[in-house]
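Order of writing sets the labels: A, B, C and D. Residues in every chain begin at 1.
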Amino acid sequence: MTSAKPHAIEVKDLVVSNGDVTAVRGVSFTIPQGGRMGLVGESGSGKSMTALALMGLLPMGWNTHGNILHDGVDLVTQSDKALSSRRGRTLSMVFQDPLSSLNPVRRVGDQISSVIRRHTGADKRVAEAQTIELIKQMNLPRPEQLVRAYPHEISGGQRQRIMIAMALACYPQLIIADEPTTALDVTVQKQVLRLLNGAVRDRGSALLMITHDLPIIAAMCDTVAVMYAGRIVEIGPVQEVFRNPRHHYTRGLLDSQPTMDNIALDGSSRLVSIPGMVPPLHSLPTGCAFNPRCPAASDKCRETMPELGTDGINAACWHPIQPAGEVAAQ
Amino acid sequence: MAIYALRKLAFFLGAVFVASLAIFILIRAAGGNVAAIVLGKDATAEAINALAHAYGLDQPLPVQYFNWITNMLQGDLGQSFRTKESVADLVTARLSVSVPLALSGLLLGLIIAIPVGTYAARNVGKPSGAVLALISQIGIAVPVFWAGILLSVLFGVKLGWLPTGGWVDWRESPIGAIRSLVLPVLSLGLIMAAVLIRYVRSAVLDVMNQDYVRTARAVGMTRTQALLSVGLRNAALPIVTIVGLQIAELIGGTVIIEMVFSLPGLSRMILANVAAREVIVVQSTVMLIIIFVIFVNFVVDLLYGVLDPRVRNAA
Amino acid sequence: MSTVTPFPADVRPLLEVRQLSQVYNLRRQKLLGPRPTLKVLDSIDFSVRPGEAVGLVGESGSGKTTLTRMLTGVERPGQGQVLYDGVDVWTGGEAHKKLFRRSVQVVLQNPRSSLDPRMRVGTSLLEPLRSLRIEGDHAARVLEVLDQVGLDKNALERFPHEFSGGQLQRIAIARALMPGPKVLIADEPVSALDVSIQAQVLNLLKDLVRDLGLGLVFIAHDLSVVAYTTSKVYVMSSGKIVEVGKPLDLFRNPQAEATQALVGAVLSVEAGLAGNALA
Amino acid sequence: MNTTTAPTVTPRRRRRLELNASLVVGVVLTIGFLVIAIVSFFWLPSNPNIPNIKNRMLPPGTVDHWLGTDGLGRDIIAQLMVGARTSILVGAGGATISLILGTIAGLVAAAYGKIADETISRGADIMLSIPGMVTALVLAATMGSGALTTIFALTAFFTPSFTRVIRSAAMSVLQEDFITSAKLYGRGKLFILARHVIPNIAGVMIVQFTLYFAAGILTEAGLSYLGVGVTRPSISWGMMLNEAQQTVGISSPLAMWPGLAIVIVVLGLNLLGDGLRDVLDPKLKRRS
């Protein structure tokens, strides 16, 4: 993470709103070249809106403020045309539902090869040969036949591999994957993740993995940012954050996961659950948005919003959890 | 695709059969003693029976229906009671007016509606989009005959550019024929366009919100490119469906427009024959129109199969 | 009463299916030729006892949805029997069918879809009592059940759209409890919920099994969620039960291929941090 | 666990309370239209059916005849007012009957199995391929023209469309899990349709009714213009246009007023329908 090297992406004070509600309320993070960051959060946390803002693909009526530095430019200031020449080339994205995300009336091979032709200017035959090669790399069977298939004719896992092939076709600097396996059958999820993991690594691309699923982040990322109600509440190396979470929300999320340990207690075991519910964006509580659900909430939490990085702790919390080691030392 | 096409063909034939039965029952069974009506109050019983016998009207209804259908299949549409003219000849003469009118009207409607509707969808939420939506709303509220009247007042009476009515036969003067069709086609096409703009707009809006359009943009298309190359191709599916449904509306509009501009088309003929109780003429002509509409819908269904791989595979 | 103790074999199953099979006709692929058929269920044996939480896992297409329809009495089996309290549900007479309807209740996946948006929550809760013609103090029953699922009584006057997903799932569970069931069938009850809410609902289900002695059938595709909630898991694949066992045994030593696939699919934070999750 | 979670009241989306311009304009125009029709029963400027030769072709702005008179000296305003009644009678009549028949057919198709569905849906498809204008002509030929025939024709014309809309709306409600629950409690089809399906498709029904009311007025005007719709002493705006064109030529202002009346009323109802759709059924907004 040397500062001399340019970052794959650098986001500063990103705000996304549509006039009525603000879905992303001041988010900053940096992903170095080849770095892998996980963005974890529940519905309404603003994680998907963050991804769409980076791509410049927000739905009509939504606006972006702040800076998104990528490949030497600030994407926020770019026109749709300028952005479009980067999308799919230096910056690309894999979406959640591969069936609805592929054009239903075009053959999958054509969909991939048109991306190659658009960005590399390769002629049709070259692009088609590259497409076959890509499909092989995606561990898909019978590439020559598969290119002629329509999206509805292939399985969900195959479709998502096609999506990944499209996103990786031009060796992007950064690939954003938004819940790429949520719509897939459980037994296929891991294969697709493994494929995505390897293919991203082979290309040296950076990865921004967006999910509500903590184990996926643990498996694929080196950094994690935890979002709640439009803000990052904790950020840091995965090993550190997941082993010693400082924010009570991160702790709660980790405790909510059924694991082998929970099961081992069989029957009598209980998951520690986070009480209450995720607040809707249009009626957020004052102060820390998590305070109504937080076991450590104080008056200060109800009045003033904590910032990330106070006291050198990468958790936006007035009463951060003490790491186990420090507690012992006291 | 073969199974899909066969299914649709079966439906087409079934629909024609059911429609013919409905028409026959409606006109013949509900119409009373046709021969008596045709000949009027003063006719003698012998004359009525003779006419009924001559046209096979004294046979049982199922037999009459069977004869009618088999004759139609052989191209014999029957003949008029009064003039003894063959319905086929009557109809053919009228088609040279009605068919160009209806098709040009539809074409004009589409030529206007597709770009305007797409533009309105692109600019939804902006003043230009709202104005177009409002114009379309107003256009839908305008009765097609009033549009005809307004246009002929403007271009015929005030400006004197075009005839306000009447017909010059194609063989006499093709230019004259075209001149007599301009205003009718314009009235029909504009009102058609108003209705279609609405559908095109909502079809395009719907498609633009689909994930695959977002994907197209995510791999490097601008908003406009995605709209034109991915959006329109997919929006074609609902639009084709609507055009199929609008064919019936189009025929209705043609009927009225022929009246407004005194064109000697098929509808005027039906109207006159309705008044004269020429049952066989009405029955056969109406059947022809319905076969035409059902056929267009059959073609639309086939087109749908061609456009959408999901449909043809589902069979 | 606790789910820790394994059940003696002589406790009679409350809900049981025996040798259940079902075949569906598919659409013709070729114009001529036979209609293809699909055996969605193949000789299924399955049972749940009072106070026992049983899991049912399988990929989509494994037949668990069809089995669920049989267990809830929505669909009549082609072959085999569905028994409640030892009596066949479909041939045991009207009175028994009524008893079955009352005693076996269902919680479905999507809480937003499982409550009528035009009905007040209070009305929805009374629906089971009214349609099953159950006598008694309905008002008192509603309050009792609301307390069991941890909801406030001012929920009754509101409409579903005023609640969050987690709250709606509690309401759906409350409705299922209204007629005093003996068996609760929960079909993917947490997969539509936020992660931080899932644990609340899972804990609630466990409490109900323990406190009310309910039999619970928990259907899901996620083995770890099922394993946490139940004491016995049936694994389904291609319409068959391919393995039955205690959750931990399945995890440690999966026998059937389908079980191995499901166990292999489970990701955990621990494995991820250790760097071998995707190995 | 006994975390008592108080239900949070999600504030209704602000958009719903925003001034829905379409709805406001639609309501104003529609109420105006209804009021004029009602007033016509109690008060008219003069008898719209009695010719008055010495007052023929009075221009607009004449005292006692603000919009003038027609070729037989009959007051235009009085005719327009009585025409509003006809529009309501025929338009709303046709829409109401089609709504009832279409709802019944649509619900049966949606809830009573594949055979009923195929029969009704295919039947509706066939009926939709018969142009409404042609149906009306045939009916006029067999039944004679008049308001009742026109309502009949509209019913034949609109019922299949209603059936399709109601069927698809009902289908989507029937797929919801709360229907499964109701079935599990042993609720019968009729109860489910009455207590669950109809309340949930009421919005669709109201919106469609409004839109077909408007379409009915348009079609009635067209038929009366052709001379196969209503006949005097009833008065229709379409009939007025026909008479204007035949007696005095099309450039007369006589041809303007009825046309304008139709446009305003139909526009009002369509805007009302769109506005209601935004309020009652946001999901449906983009579908049609």
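Keep in mind that, in the parts below, contacts are C-beta pairs under 8 Å (C-beta built on N, C-alpha and C of every residue); 3 or more make two chains touch, one makes a residue touch a chain.
Bear in mind the structure is a predicted one, so any value in this text is a computation, not a measurement.
K.L.:
Which number of steps is the smallest that gets you from chain C over to chain D via touching chains?
P.N.:
1
K.L.:
Give the identifier of the chain nearest to the protein's overall CA centre, each chain being represented by its own CA mean.
P.N.:
So the chain sitting closest to the middle is D.
K.L.:
Look at the interfaces A-B and B-D and say which one is made up of more C-beta pairs in contact.
P.N.:
Of A-B and B-D, more C-beta pairs in contact link B-D.
K.L.:
Distance-wise, how many Å sit between the C-alpha centres of chain A and chain D, to the nearest whole number?
P.N.:
50
K.L.:
If you average the Cα atoms of chain B and of chain C to get two centres, how far apart are those centres in Å?
P.N.:
54
K.L.:
Centroid from C-alpha atoms only, then distance chain B to chain D, rounded to Å. What do you get?
P.N.:
22
K.L.:
If a residue has to touch 2 or more other chains to count, which residues of chain D qualify?
P.N.:
1, 3, 5, 8, 10
K.L.:
What parts of chain B, by residue number, touch at least two of the other chains?
P.N.:
209
K.L.:
Check each residue of chain A and list the ones that touch at least two other chains.
P.N.:
273, 275, 277, 280
K.L.:
Spell out the residues on chain B that touch chain D in their complex, using ranges where they run on.
P.N.:
Its residues touching chain D are 11, 14-15, 18-19, 22-23, 26-27, 30-31, 137-138, 140-146, 149-150, 152-153, 157-158, 164, 202, 205-206, 209, 245, 247-249, 251-253, 255-256, 259-260, 267, 270-271, 274, 277, 279, 282, 286, 289-290, 293-294, 297.
K.L.:
Could you please specify the touching residues of chain B with respect to chain A in the complex?
P.N.:
124-125, 209-212, 214-223, 225, 230, 233-234, 307-310, 313
K.L.:
Which residues of chain D touch chain C in their complex?
P.N.:
1-10, 176-178, 180-187, 191, 196, 199-200
K.L.:
Under the stated contact criterion, what part of chain D meets chain B in this complex?
P.N.:
122-123, 125-126, 128-134, 137-143, 214, 218-219, 221-222, 225-226, 228, 238, 241, 245, 250-251, 255, 259, 262-264, 266-267, 270-271, 274, 286-288
K.L.:
Chain D touches which residues of chain C in the complex?
P.N.:
Residues 72-74, 98, 101, 105-106, 108-110, 113-119, 124, 127-128, 131-132, 147, 150-152, 154-155, 158, 161-164, 166-167, 170, 175, 200, 203-204, 207 of chain C touch chain D in their complex.
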